[in-house]
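The next part holds the structures, each set out as structure tokens.
Heads up, the next two complexes both have subunit A, just with different partners, subunit B and then subunit C.
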Partner chain A sequence: MSAIVISALLGVVMMLSGLILKKSTQVQWIAVLGAVLLLAASIFDHQLVVSKGTQSYYGMLELNSYTAWFNVLISFCVMMYILIFRKSIATVGRSDAEYFALIFFVMCGVYLLSTYSNLLILFIGIEVLSIPQYIMAGSDKESLKSNEASLKYFLLGSFSTGILLMGITLLYGATGSFDILSSKFADQFVQVSSLSSLSFIGIILLIVSFGFKASSAPFHLWTPDVYDGTPTAFTPFMATIAKVSIFLAFIRLFHFSFGNVSEAWQFTIAIMIILTLLLGNVTAVYQQSVKRMMAYSSIAQAGFMLFAIFSFNATSWQGIMLYSVTYTLASIGVFAVIIKMKDYTYEGFNGLAKKEPVLALTATICLLSLAGIPLTGGFFAKYFVLSATVEQGKMIWLVVFAVLMAAISAYYYFRVIMSMYFKQGDAEVSIETTSLEKALLIINAAIIILLGILPGLIIL
Partner chain B sequence: MGVLMRRNAIIILMCVELMLNAVNLLMVTFSKMHNDASAQIFVFFIMVVAAAEVSVGLSIIVMMYRKVRSIDVNILNRLKN
Partner chain C sequence: MLIVLLILVPFLAGLAAMAMPSSKVHIHAIGASVLTLVLGSVCYYYFTHPGMGETTFSYPWIEKLGASFSVAMDDGLTVLMVMLTALAFPLIFISLLNKIPDRPSTFFGLMLMAQAGLMGVFLAKDALLFYLFWEVALIPVYFLSSMYGGPRRIPVTFKFFVYTFVGSLIMLVSMIYIYQQTPIHSFSWSSFVSVGQSLPSNQQNWLFWMMFVAFAIKMPVFPFHTWQPDAYEQSATPVTIVLSALMVKMGLFAVVRWLLPVIPLGSMHWMNIVMLLSIIGVVYASFMALVQTNIKRLIAYSSIAHIGLMCAAIFSHQIIGMQGVAIQMFNHGINILGLWILVSIIEHRLNTQDMREMGGVAKIAPAFTIALVLISLANIALPLTNGFIGEFMMFNGLFNSVSPYRTVFTVVAGLGIILAAVYTLGMIQKVAYGELKTSTSSFKDLSKNEWVVLIIVMFIILWLGFYPSVLMKLVDVNL
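The block that comes next holds the complex of A and B.
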């Protein structure tokens, strides 16, 4: 609860700080301070849950041990993101403080989405999450690509919001309540045979809308254009932190409310997993630009996260926590290198290892983690979401398929590593890396390796 | 339907608003059906959020118009590569 309030207030504070403070570095450090404050607030919330048990706020929000812990983890990721990217964020356009304000407003949406227990809060959370992102996508006003990304994201985003609302309304029509924890709501979803057609269509519409927001196939078509057009400083934020929280909202609803009627929707999710993994991975192979490849790879990673929703048990909750953190940190690490490059194509990365050994090394560790190589966090993240499906016992062939797809993904991640280490060329770096940034990137990579050795650190 | 068929960005925006209004109507109907006021409160929230969304959306469209002097969404496909 305190994290929600503080993140909204911080957004306002950041906007005002842009007026008062003259220097951009001061604004940046206030943002860093704000992120630390957010982390402290979510740790405070977590302590409250640990000492007093599940907290409920007027039947609107419910903070349990999983969601409170997720908030702590995501706040930590945001802190890392702001620390690493603060300079790049401030130099996207002219109004540096507003960009940080947008980040804090998105964070407010993230906390709402992870703790909602009422469909009203789900709707508001998704909107608070999305509207600042439309602006973020278009924040580089001079660039046509950024404008295009923003318009495309806005039109498709608002369309999917309409679908989400329709789903919520139909669920309300079937149950007569918005509170997903109330008995009125739960009574409707006891078994498949008694499921009314209203609630069935409502569930399907919710899946469609979540699919849009979480960039899962067949609703992923906007993703590559938007992530490619968005200023590189914001892409990692949109592709990781915002997306991961959509998945948490998704699994929360489907685990707690629709768990008993899983036959009604599990098959749809299975088809989405197959399409997402196939389209994401296969198209990523053909990309020439590393940034665009990362956009497709984020679709492919979404396919793995869908497994957690498919199997909705305790392991899948642990899996999605671990997946969120490792995927976020690894993407931040890769994008931190991409943003330094002059040329985003694979050729642009040729010979980076000789010029910037630290950048190349941290990027390699992050890419290995995204590919799911053992000894990095990504391996255990994939292991947990897939083992949740095995545990659940249905459609085991999906897991085999996913492992095959992970093998394909290794190809395009390794291509970047190949061009950094084994190809001749002079990679041109447009922005100098300060020693502080290098230290942060090394810490980031170290956390990924640490999670690969001791995943128990962040699993409840 | 309008969202999928039309090419003018503002018309698409209006179609999205129509979708939201349809939801509002349905909400109020269900609210009457269940004798429960919470859906009517929901409608207020939808209106407020829709207004916020439109203000952001229109400014994005204006930004786009300044750049390409057109609000035809087909232009987005041409710019893809």
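The block that comes next holds the complex of A and C.
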């Protein structure tokens, strides 16, 4: 609860700080301080849950051990993101403080989504999460691509919010309650045979809108253009932190409330998984720009996270936690290198290892993690989500399909590694890397490897 | 605790090597690999003299999953493979003393890390740990092969990487499946074996292929072998040694350790198919070897033929065949290591891999020729060389197997031996005999460091050829 309040307040503080503080570096460090404060608040919330058990607020929010821990993890990721990208964020356009304010407003949405127990809060959370992102996408006002990204995202995004609202309305009509923890709500979802058509359609509409926000096929078409057009400083934030919180909202609702009627929606999710993995991975292979490849790869990674929704047990919760953290940190590490490059194509990366050995090494570790190679956190993330499906025992062929897709993903991730290490070339770096940034990137890579050796550190 | 050092020493030495200045790294690498060899020998001594010291180590790793960091050197096959790995690296490093690679810090760092990964694969007694090392051994080799070698090395190595990566991911799914069936959710080898005994046969039939494909790609068994000749040819020869003397043994080792005991019914059910594929591989690869003009490709195909025979012998499900395989895995490693070192000498002196440009060096390089002839003869399993005993036992096992086609298999596989003699002797002839050419007239005989390495290899060949009971004792008690 305190994290939600503080994140909203921080947004206001950041806006004011732009008026008061003259230097951009001061604003940046205020933002870093804010992120640390947010982490502290999340830890405080977590301690509250640990000592006093699940906390409920006015029948609207419920903080249990999983979600409190997720908030801590995601706050840590945001802190890493702001630390690594603070300079790039401040130089996207003219209004540096506002960009940080947007990030904190999105964070407010993230915390709402991870703790909601009421469908109204779900709706508000998604709106609070999305609207600042529309602005972020268009924050480079002079770039046509950025404007296009913003408009596309806004139009399609509001459409999907409409579908979400429709789904919530139908569920309300079927149950007479917005409170997902109330018995009135739960009674409607006891078994498949007694499921009313109203609530069935409601569930499907929710899947559609969650699928849209989480960039799952066939609702993924906005993703490449938006992630590509968005200023590179914001893409990792939108593709990771904002997206994984959608997954938490998704898993929360579907496991707690619709778990008993899984037969009604599991097959739909399975089809989404197949399409997402297939389209995401195969299209990523054909990209010439690393940034666009990362956009498609984020679709493919969403396919793996969908496995956690598909199979609901304790393992899938552990999987989504681990996946959120490792995927976020690894993407941040890769984008931190992309943003330095003059040329985003694969050729632009040729020979980077000789010029910037630290950047190349940290990016390699992050790419190996995204590909799911052991000794990186990405391996255990994939391990847990796939293992959850095997544990459930249904549709094991889906897991085999997924690992084949993971092998395809190795192709495009390794292409970057090949460019950096094995190809001759003169990779041009447009922004110098300070030693502080290098240290941060090394810490980031070290955390990824640490999670690859001891995943037990963050799974509950 | 000592046994953990077998993995830790090369790993940490590899990390240190990457940060070292180029001038000192070679000595550092030799020192670290010799230290590993000493540690391996101590463990070998502990194993052969029970009660002297511990050769197992276990520590909980991810308790929620029931995975532990559990390593053990508790059977003959593991001992042989660990000793082979421990022995190969110092020999490779010493042979490189007069052929220092570019960027030595990277090269030796990655080589030592590959050694750590290989050690882990052979020592792991926990399925998740095994999988981890299985992949981890691959990554340094991927980088080594991509950075050092022929002009087509990058795509060729990537093909190799994708092949093995696909295989191992499918293996991972089958391991997760078996893990879910264990009553207390444990990854330990013993719990896998006890679950494997109780799995119904229809499940074992598909689980078998999910695991076997990974191992078959690594070995490689026909028709999963297409990555191998290219990869051997294009990689720099020291890396090829790691690939062919050690990494392919991972596949055979995994079949014996993780496939036969865990999926016994499946292994019996598919016995004939696997033996058939292996025997096809033996004949096919032998014929391919006959027509090669590139010496590295010739040895690559000869390796496929040898591995095919070993795979067939494993699936004979006969004790004597298995013992033969264990012995042959060690000896093949030693022989092929010697052959590759000779190839690297030729490459270094003549700058070519084409046998048509070689010839006549017997006159000016007698020491080189002696080593070439002896090691080649060991490779075709002449009696009194180390290759003989293992091959004899493997054929014995093959002939006694329960397969209805055992006679055909044995006879056709026997054809492989004859063909091996043809192409190996042909190779000796082309390389060492005939007229001296202008290109070969300045061929220098072995340098001191090359002598040391080849003397050690030849000594092992003859010693184990005359007195194979050292190996027999190891595999006799428990495999």
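Everything that follows uses one rule, which is that the second predicted complex is superposed on the first by the 460 of 460 C-alpha atoms of A that agree within 3 Å, B and C clash if a C-alpha of one lies under 4 Å from a C-alpha of the other, contacts with A are read in each partner's own complex, and residues count from 1 in each chain.
Here is the rule we go by: a residue touches a chain if its C-beta (ideal position, glycine included) is under 8 Å from a C-beta of that chain, and two chains touch if they have at least 3 such contacts.
Note that the structure is a prediction, hence the values are computed from the model and not measured.
Colleague: In the superposed arrangement, does A:135 touch subunit B (first), subunit C (second), both or neither?
Modeller: Touch partner of A:135: subunit B, not subunit C.
Colleague: Taking the superposition as given, does A:459 touch the first partner, subunit B, the second, subunit C, both, or neither?
Modeller: Second partner only.
Colleague: Touch check for A:83: first (subunit B), second (subunit C), both, or neither?
Modeller: Neither: A:83 stays clear of subunit B and subunit C.
Colleague: Looking at A:400 after the superposition, I want to know if it touches subunit B, subunit C, both of them or none. Which is it: first, second, both, neither?
Modeller: Second partner only.
Colleague: For A:173, select first, second, both or neither according to whether it touches subunit B, subunit C, the two together, or no partner.
Modeller: In the superposed model, A:173 contacts subunit B only, not subunit C.
Colleague: Regarding the shared-chain residue A:451, is it in contact with subunit B (first), subunit C (second), both, or neither?
Modeller: Neither: A:451 stays clear of subunit B and subunit C.
Colleague: Name, in rising order, each residue of subunit A that touches subunit C in their complex.
Modeller: 318, 368, 373-375, 379, 383, 386-387, 390-391, 393, 396, 399-400, 403-404, 406-407, 410-411, 414, 418, 421-423, 454-456, 459
Colleague: Write out the stretch or stretches of subunit B touching subunit A in their complex.
Modeller: 3, 9, 12-13, 16, 19-20, 22-23, 26-27, 30, 33-34, 36, 38-39, 41-42, 45-46, 49, 52-53, 56-57, 60-61, 63-64, 67-68, 73, 76, 79-80
Colleague: What residues on subunit A touch subunit B, complex-wise?
Modeller: It comes out as residues 120, 123-124, 127, 131, 134-135, 138, 141, 144-145, 147-148, 150-152, 154-155, 158-159, 161-162, 165-166, 169, 172-173, 176-178, 225.
Colleague: In their complex, what parts of subunit C are in touch with subunit A?
Modeller: It comes out as residues 61-64, 131-132, 135-136, 139, 143, 146-147, 154, 158, 161-162, 165-166, 169-170, 172-173, 176-177, 179-180, 210.
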